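Presented sequentially are two complexes of subunit A, the first with subunit B as partner and the second with subunit C.
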Partner chain A sequence: MASFLRSTKLVAKLTQGPTKCFSRNYADQMNFTFAAANQIFYANKNIKQVDVPSFSGSFGILPNHVPTLAVLRPGVVTVYEDEGTSKKIFVSSGTITVNEDSSVQVLAEEAHPIEDIDGSAARQVLQEAQSQLSTASGDVAKAEAAIAVEVAEALVLAAGN
Partner chain B sequence: MSYWRAAGLNYVNYSNIAAKVVRRVLKPELQANAAKRDETHVKFTPWVKGKPSNEKA
Partner chain C sequence: MMMISKPTTMVVCLKGAATGQQQNRNMATLKQISMRLKSVTNIQKITQSMKMVSAAKYARAERELRQARPYGEGVRAFFEKSGATEAVETGDDNKLIVAITSDRGLCGAVHTNVAKTIRNELSNESVESPQSKVFCVGDKSRALLQRLYAQNIAVVANEVGRKPPTFLDASKVANELVQLNFNSGKIVFNRFKTVVSYQTEEVPLLSAKTMLAAPKLQLYDSIDQGVMESYQEFTVAALLYYTMKESACSEQSSRMTAMDNASKNAAEMIGKLTLTFNRTRQAVITRELIEIISGAAALE
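Here is the complex of A and B:
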């Protein structure tokens, strides 16, 4: 009798075991915050997915993403909203944080919807940056000009889409 | 290592340059407001014996 009781207990343990192991108590939603020095785009809003460009590669974030920290590279952040619409916002630089509770924060220094980018201005700035790079002397001046070229290239690409 | 880090710049420097470039390519109607963020104003007031003095540090 005792052994029978023990075995039923064991079965009960086995059946509930895996569910306990694999549930990480994450919410099925992602609390998304996206802000820049110039504007707040989302404050604790629920979204489906967000794609971000970072120095560790471009990646998409869905709910229950593994906690992550990364620095942004200039490029387009795409936000897939719950309503089925998507928004493309250009970020200059900043950080992306994915927390254990599935909340996500994108903090940028400068962020603008890609509609606000002037394509011809972007091409002009790219040209200026390229000529600055060719005439720059010294490691620091060269690096600074190269950064401007990199950002301008990303802007031209974003404005073209 | 990225070229700018090799030249002695850090990500804050990178970010500043990137933000400046982004501000310059905005549509004309947004430029005026964006230009304000290009400058940073810091006012220093040195305190002497618990009181602010107007001497510049």
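Here is the complex of A and C:
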């Protein structure tokens, strides 16, 4: 029965014009790319939803999201795959691009699955960053240390989850 | 023996006048040939080991490039989909060209091709129009462009090519680049195709201003100056990272081919030199024999 239904669907799809097919594809699909300089997680894959942390607040992206640009904040990106599984990946910084054809690019400087994060090492990094912030002199050094603290805090938070 | 020695003695006698000189020269060439043979063999050893090294480096660069490709495509997707690249051609002043090369030579024409593309670009500029700036990544592009376009070179980045490029390298370059305050620009690099081929290409480099002027930008939601600036800075770094990876891979593959060719040429030279060496040695032996025999024949 199911196969019969599928075949009728296929026939219906085939009888529709190519433009119809095209627009249908865009209606419920998301061309998702998630890459970091160290690893590629998704390349033009179709997924259900992705939650991203950005400087203008965390938000979820579903297919057909309004086109936007945003800058990634250190934090955890959650990807809900088509099969129902979800994946949590820590990102340090990067960009989010949602285009009008429903293609989404999340590009990070560095990204790792949160399972790979060592909690105690993350806390140590945070401590080092905090001590660096307190000793930093000069605007640039201070800003750099503040960023390090921000990333380390996000790391600890991600490792705790 | 005696029968044939008669004409030979005559021949030797004829040659006799020149023998001393020629023998001297022959002795010298024998030594010279053996010296050349030795040096060519050494060169072959060097080129062979360089080939092995670059083959190993190439394998790594290719693996890393496969990771970086979707990254580069992801960056470029926004450029194409927002139509921002079309806006670039209109803005003509304060242009910036980034040359992606390395410090290392002996790799075919990869660096020359990049320099040639830029040279063509610069030669089209008239003197009175504002001159484009060139950002040289790697000493080779600087060396190739310095003679004619020294005043165009704005920044040179050194120490490129010994190790595979990292995102940190790219962000260092991007940091310098953003400070140059360009309106529009491009990155010239070698896109890796296969082990034996690469193509010199350019990708547009957009400033925050040109990005904000993109024709389809009003479709995009919640964009302000701050977001755009951060977005543009990261985009520049990501693009540089991608192009550096492409260039590094092309360079290693090209070096591999170049060193393979050099080894083959050296092998050919060794073959020819060995042949000449043996022939000369045999000639010397033959002549000495003839001299002994003719001397003995003259005594009889």
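Observations on the structure shown:
Throughout what follows, the second predicted complex is superposed on the first by the 135 of 161 C-alpha atoms of A that agree within 3 Å, B and C clash if a C-alpha of one lies under 4 Å from a C-alpha of the other, contacts with A are read in each partner's own complex, and residues count from 1 in each chain.
Definition applied: a contact is a pair of C-beta atoms (placed from the backbone, for glycine too) under 8 Å apart; a residue touches a chain by one contact, two chains touch by 3 or more.
This is a predicted model, so every value here is computed, not measured.
Per the definitions stated earlier, placing subunit B and subunit C onto a shared subunit A by superposition produces a clash between them.
Once chain A of one complex is fitted onto chain A of the other, the partner contacts of A:93 extend to both subunit B and subunit C. Contacts of A:71 after superposition on the shared chain: both subunit B and subunit C are touched.
Of the two partner chains, subunit C is the only one that A:43 touches; subunit B does not reach it. Of the two partner chains placed around the shared chain by superposition, subunit B is the only one that A:155 touches, whereas subunit C remains out of contact.
Once chain A of one complex is fitted onto chain A of the other, the partner contacts of A:62 are absent, as it touches neither subunit B nor subunit C.
When both complexes are overlaid on chain A, the residue A:109 reaches subunit B and subunit C alike. Judged by the touch definition given at the top, the superposed model places A:129 against subunit B, while subunit C stays out of reach.
In the overlay built on the shared chain, the residue A:117 is in contact with subunit B alone; subunit C does not reach it. The residues of subunit A shared by its contacts with subunit B and with subunit C are 37-38, 55, 71, 93-94, 109-110. Against subunit A, in their complex, subunit B makes its touches with residues 2-4, 6-9, 11, 13-19, 21-28, 30, 33-34, 37. Residue ranges on subunit A touching subunit C, taken from their complex, read 33, 35-40, 43-44, 55-56, 66-71, 93-95, 97, 99-101, 103, 105, 107, 109-110.
Subunit A meets subunit B in the complex at residues 37-38, 55, 71, 74, 90, 92-94, 109-110, 112, 116-118, 121-122, 125, 129, 139-140, 142-144, 146-148, 151-152, 155, 159. Interface residues of subunit C, counted against subunit A in their complex, comprise 67-68, 70-71, 73-75, 77-78, 81-82, 166-167, 171, 216, 219-223, 227-228, 230-231, 234-235, 237-238, 241.
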